[in-house]
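Some structures to go through are shown next.
Next come two complexes built around subunit A: one with subunit B, the other with subunit C.
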Partner chain A sequence: MFLNPWSLALSLCSLVVLLLGAIAGRTAVRVLRFWEPGSDSNRQIRLENEIWLSSTLVAYGLGFQIITLILFVLAADQFCQVIVGAMCATGALLANPFGMPALLIKLVGVFFYGFWILLHQLDIRSEHYPLVRIKYLALLLLLPLLVLDVTLQTLYIAGIKPDIITSCCAVVFGEDIGRTANLMTGYSQQGLLATFIGSIVVLGLLGGGLLQRWRSWLAKLYAAGWLWFFGLALVMITTVVSSYVYAMPFHKCPFCLLKPEYHYFGFALYGTLIAAAFCGTSPAFAGLVRGRKGLSAIVARYQRLALILSLLLLVIFSGLSFYHYLKYLISGGEG
Partner chain B sequence: MLIELCGVSKIYNQGRPNEVRALSDIDLVVEQGSMVCLKGPSGSGKSTLLAIIGCIFPPTSGRAAIATRQLARLPDRFLTLHRRETIGFIFQRFNILPELTVLDNITLPLLPLGIAPKERKRRAHELLERFAISHRAQFPAGQISGGELQRVAIARALINNQPIILADEPTAHLDTTLSREFMAIMQQLQVAGKTIVIASHDPLVFEHPAINRTINIKDGRIHVP
Partner chain C sequence: MIPKNIEKQLNILDYALSSLWRRRLKSLSVLLVFAAVIFLLASFQMVTQALTAKAKQLLVHTPEITLQQMSAGRQEAIALTYSHQLAEIFGIRKVVPRIWGYYFDEVRLANYTIIGMDLSEIPGNALLDTTLLSGTMPEKAEQGKVVVGQSITKSLELGGRLTFSLFRPDLSLKSFEISGEFAPDTDILSHDLIVMNLADARDLFSIPTGLATDLCVYVTNPQEIETIAKKISAALPGVRVLTRPQIQKTYQVVFGWRSGFGSICLLAALAAFAILAWDKASGLSPEEKREIAILKVLGWETGDILAVRFWESVSVSGLACLVGITAAYIHVVYFAASLFRPVLMGWSVLRPELQLLPRLAAGDILLILAFTVIPYLAATVIPAWRNATVPADAALGG
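What follows is the complex of A and B.
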């Protein structure tokens, strides 16, 4: 499936990002070996000049790699047109063993790449290069994830054959109709709904508490809460929210939401959730470098901004999640 | 503002076949409020030294500090800000935009600072009056004389009230009268407390009584006669 515009775009761009990562990896090794902030040596001055270019390129590369999550899902949605049995991205992603792992790694990557970009942004806001070593060590640790991301994506694209017969979302996520269990079998809608609402309230309270007075342990708890909520929200979207969006009680799919028939509702839903989860977890992450030279005020400012944004996005996400549900309850149907 | 250079070297195209060593192990201190002339033939490294002092680029090795801070090695976003606030440049060819009016040329350095137009004009008119070119304020810069152009360049270098003035061969395109006038203005600025570094091989500059110190540069090194 390489001779497809989506595949070509994804593969070529990922290769460019990988190349940038490899070049920056070389700089990372040099930074870890030779970085001496107080030195006036030729090597140190050259490194100072070099890290500007490589960090900027890596930041843009990783930023693009985050966007490939959207491209990847859109590509899968296109691939379903040539795969027998696939009706949306679900079928296309299950067409070979690499689709879902590739998606999962991309999703995990959004956070890790985002955290690296955050480190970079904090670093360049100080005059003293306080995070250069940490940033480049993190980059070296991130490279295997980037390689895995691109490898799985390439294997997935290479493994798509038009003669594959796959399952559609109705089989994968649909209600168990007594034949076989599927991915979402066993979840109680009422229980999920209660846990979901409870989690929103708890997150709101934790966030409010942090806004009142910043406490490091509370920020960590808030971040953990967001990780829990992120997973819960994905299950909730698939098992509860999607049915109301489709107005079909037995149709449960996390990907059909992204289709134009549903006004691309999924993009708003997932976009808000991912951004909110990132903003919710990043204050605790940024807190790890708060003690570095010249960063205290910069990190504190970021933490407050991210916290407010996460709460705001939580409200928007909750509104979007319950919109169709409430509409259904009020109008008594599709209305 | 004190300028301090310690073991400064500059190599262009380092590691390539066209490598050029422009400066070697320069140690130099310019005291606050003094006027120093960097003297030397063409290609001796005067302009490179001036560019390092002016934080246009960092040295290849060594320390170049202004008021104990190594400005040229600050991260880019801070460097621009500090350079704008600390250093005023007067270039050999003045680098005036001929299509803009004299007033617009002078206020140009204030644009990125977000200063209100009224304040920009106030500061510019103050300098125009000081250098006796108020009557040219609305003239396109391309239509004024060489001497006036020079004064516009000086006014532009001073508009942000920077404590350091750097001038690279400022009299190279001026006749004797205008060169003397230029030095008279520099003397006034020195009296006002500015630290001034002029790169020039013009005797009218380096023999001027206002110059506190002349530094001979030859083949990228400070040459002690």
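What follows is the complex of A and C.
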């Protein structure tokens, strides 16, 4: 179903990002082949100019990808109105096998582009450009991810037929014993809640320990903890938090949170979660290049900043995710 | 205290705005064309949104399931005896036969929509009277009483009279008396409508007793619509079963399709604009080159000049969006989207007056931004980089 403004906008944005990626990729190949830090040849000066272009292009690409990620979920929400049987974005995304993978790749992509920009920012802070080769190798590795993203998205849009019957989220995430479609059942709510709270406490302790004294193994543990917490939080939002926001026990959908009916609550929730997970995992990532020439002070400063930010965002995220739950416990529900 | 980084960006934004102001003619021309492109796209989006919402709002009052007899792929009159078969299906509240047809008035060259139905049988019929400007709906026993839409009174040139006549198929006359008139705010449905009771409609169109054009099935619980529809189609194999959600989805697809088609047409305008933006951004005058060179000599980095260009693009697109979207809203709400209505509403000659009221959600605005701002930013980034990497010595004539 390409003849729809949402599909067109998504395809247009993807084409633009691909184009920007291709131009940046060309620079990457040239840098990998011809980069000579000590030289003052014409080619080297041109290349030093070009790395500005490629980093700007990737920064734009990241911004555009974040927009397409939001657009993709909103588009799925629109598509559900034309797919018979789908009641919200969940149904629309499950309408064919490419929907969920496309969403996941987009989400993963945001992290990877973010890491690349972090690498670039660290690199230009040092006079020697110590990370140029690594950076451009990484850029070339990012391009297949971008192509995969665009391919999955195109296959998804092409596969949407406005008359197929899909299960809506009430069935998919619902309690009743269904078939294979039960993605998110089988978790006990109380157990999940306890794990969630436990994880928050452990993350807080780890972060506190890191603030006291920086140890690289602890930073890695902290990053791993954030990866675990990111997955856990997504499950938690879907199965526990969402139905308290909707005030409907059987509506367990991670996407309807983004709608105006719920005051765009999802944007705040997912925005903090993604930013927090990025800040939480990136210190360990930056630690990988700490040993490079002229970078140790810069990396150390960034790591500390990211750590503090991740802890702050963790507090905000916990507050947001427990707000409706506590409100329900204290005031006994809506109104 | 403002953090240093943000303060730097604020200063760069300040510089970008003053630089836009210094080149105000060039900036204004890009701004106006950009606003026009956004205006076109946003209008299209808003009309689609308003029409879809309107269709949804109107379809709430249609029967949950409509049954039509099909024969050789065409619709035929349906036998009333089917309703006895339907009575066995649990969950059906009421089955009401309806005659729905079009009457072509050869004298005035106009088409009227005729609905013949015993309105007292419809669940919730008390509400029907609220759609009337004056009078009452025809009772089942009252022969020859009709309720008409606004344009019918005008078209028939009735003046103060309440009676008029229409021809049966055998050209004998059947006379009617107007018992009420629909309110103007139901115009989109009732504008060319004549409502009468079933017997009168059957008489007017000479439809044999025991037949109707379709059967309206009212269902108590909306959750059961699909199940009951399946049961009906199993019980009556030759009958087409239309459910309300299906009709809603069809409308959505049609509006989405048309809006997508319109957007594709506008992509040409967008591409033209992107080329214009590219061109405007890359054509540097000697003064501009000198300006960049001086900045570089003063210690600005390539990244800072790129940031200036970025903030320029963002300011231009932000302002253009504001102008374009506001103009589109005015166009849709106060001028009823007169530029695009024919494309989106079909090609009928007699069309009702229509009040469109788009409700813009944040998602729609994001869609418009994705359509316009992203191509613009992408089109200006490479020229911006070329500007930023102008070698200082060459530009200063050294």
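One rule holds in what follows: the second predicted complex is superposed on the first by the 329 of 335 C-alpha atoms of A that agree within 3 Å, B and C clash if a C-alpha of one lies under 4 Å from a C-alpha of the other, contacts with A are read in each partner's own complex, and residues count from 1 in each chain.
Note that in this section a residue touches a chain if its C-beta (ideal position, glycine included) is under 8 Å from a C-beta of that chain, and two chains touch if they have at least 3 such contacts.
Computed from a predicted structure; not experimentally measured.
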Return the chain, subunit B or subunit C, that is in touch with more residues of subunit A.
-> C
Counting only touches as set out at the top, which of subunit B and subunit C does A:Ser216 meet: first, second, both, neither?
-> neither
So, A:Leu20: does it touch subunit B (first), subunit C (second), both, or neither?
-> second
Where does A:Asn4 make contact in the superposed view: on subunit B (first), on subunit C (second), on both, or on neither?
-> second
Based on the superposed arrangement, let me know which partner A:Phe64 touches: subunit B (first), subunit C (second), both, or neither?
-> second
Of the partners subunit B and subunit C, which touch A:Trp52 in the superposed model: first, second, both, neither?
-> both
For A:Tyr129, select first, second, both or neither according to whether it touches subunit B, subunit C, the two together, or no partner.
-> first
Look at A:Ser41 in the shared chain and tell me whether it touches subunit B only, subunit C only, both, or neither; answer first, second, both or neither.
-> first
Go through subunit A and flag every residue that touches subunit B in one model and subunit C in the other.
-> 49, 52, 124
Under the touch definition given earlier, write down the residues of subunit A that touch subunit B in their complex.
-> 40-42, 45-46, 48-49, 52, 124-127, 129
Touching residues on subunit C, where the partner in the complex is subunit A = 44-45, 48, 245-246, 248-249, 252-253, 256-257, 259-261, 263-264, 267, 302-303, 306, 310, 361-363, 366-367, 369-371, 374-375, 377-378, 381-382, 384-385, 388-389
Within the complex, subunit A is touched by subunit B residues 6-7, 9, 14, 58-63, 73-78
Contacting residues of subunit A [partner subunit C, same complex] | 1-10, 12-13, 16, 19-20, 23, 49, 52-53, 56-57, 60, 64, 67-68, 70-71, 74, 77-78, 81-84, 124, 162, 259-260, 264
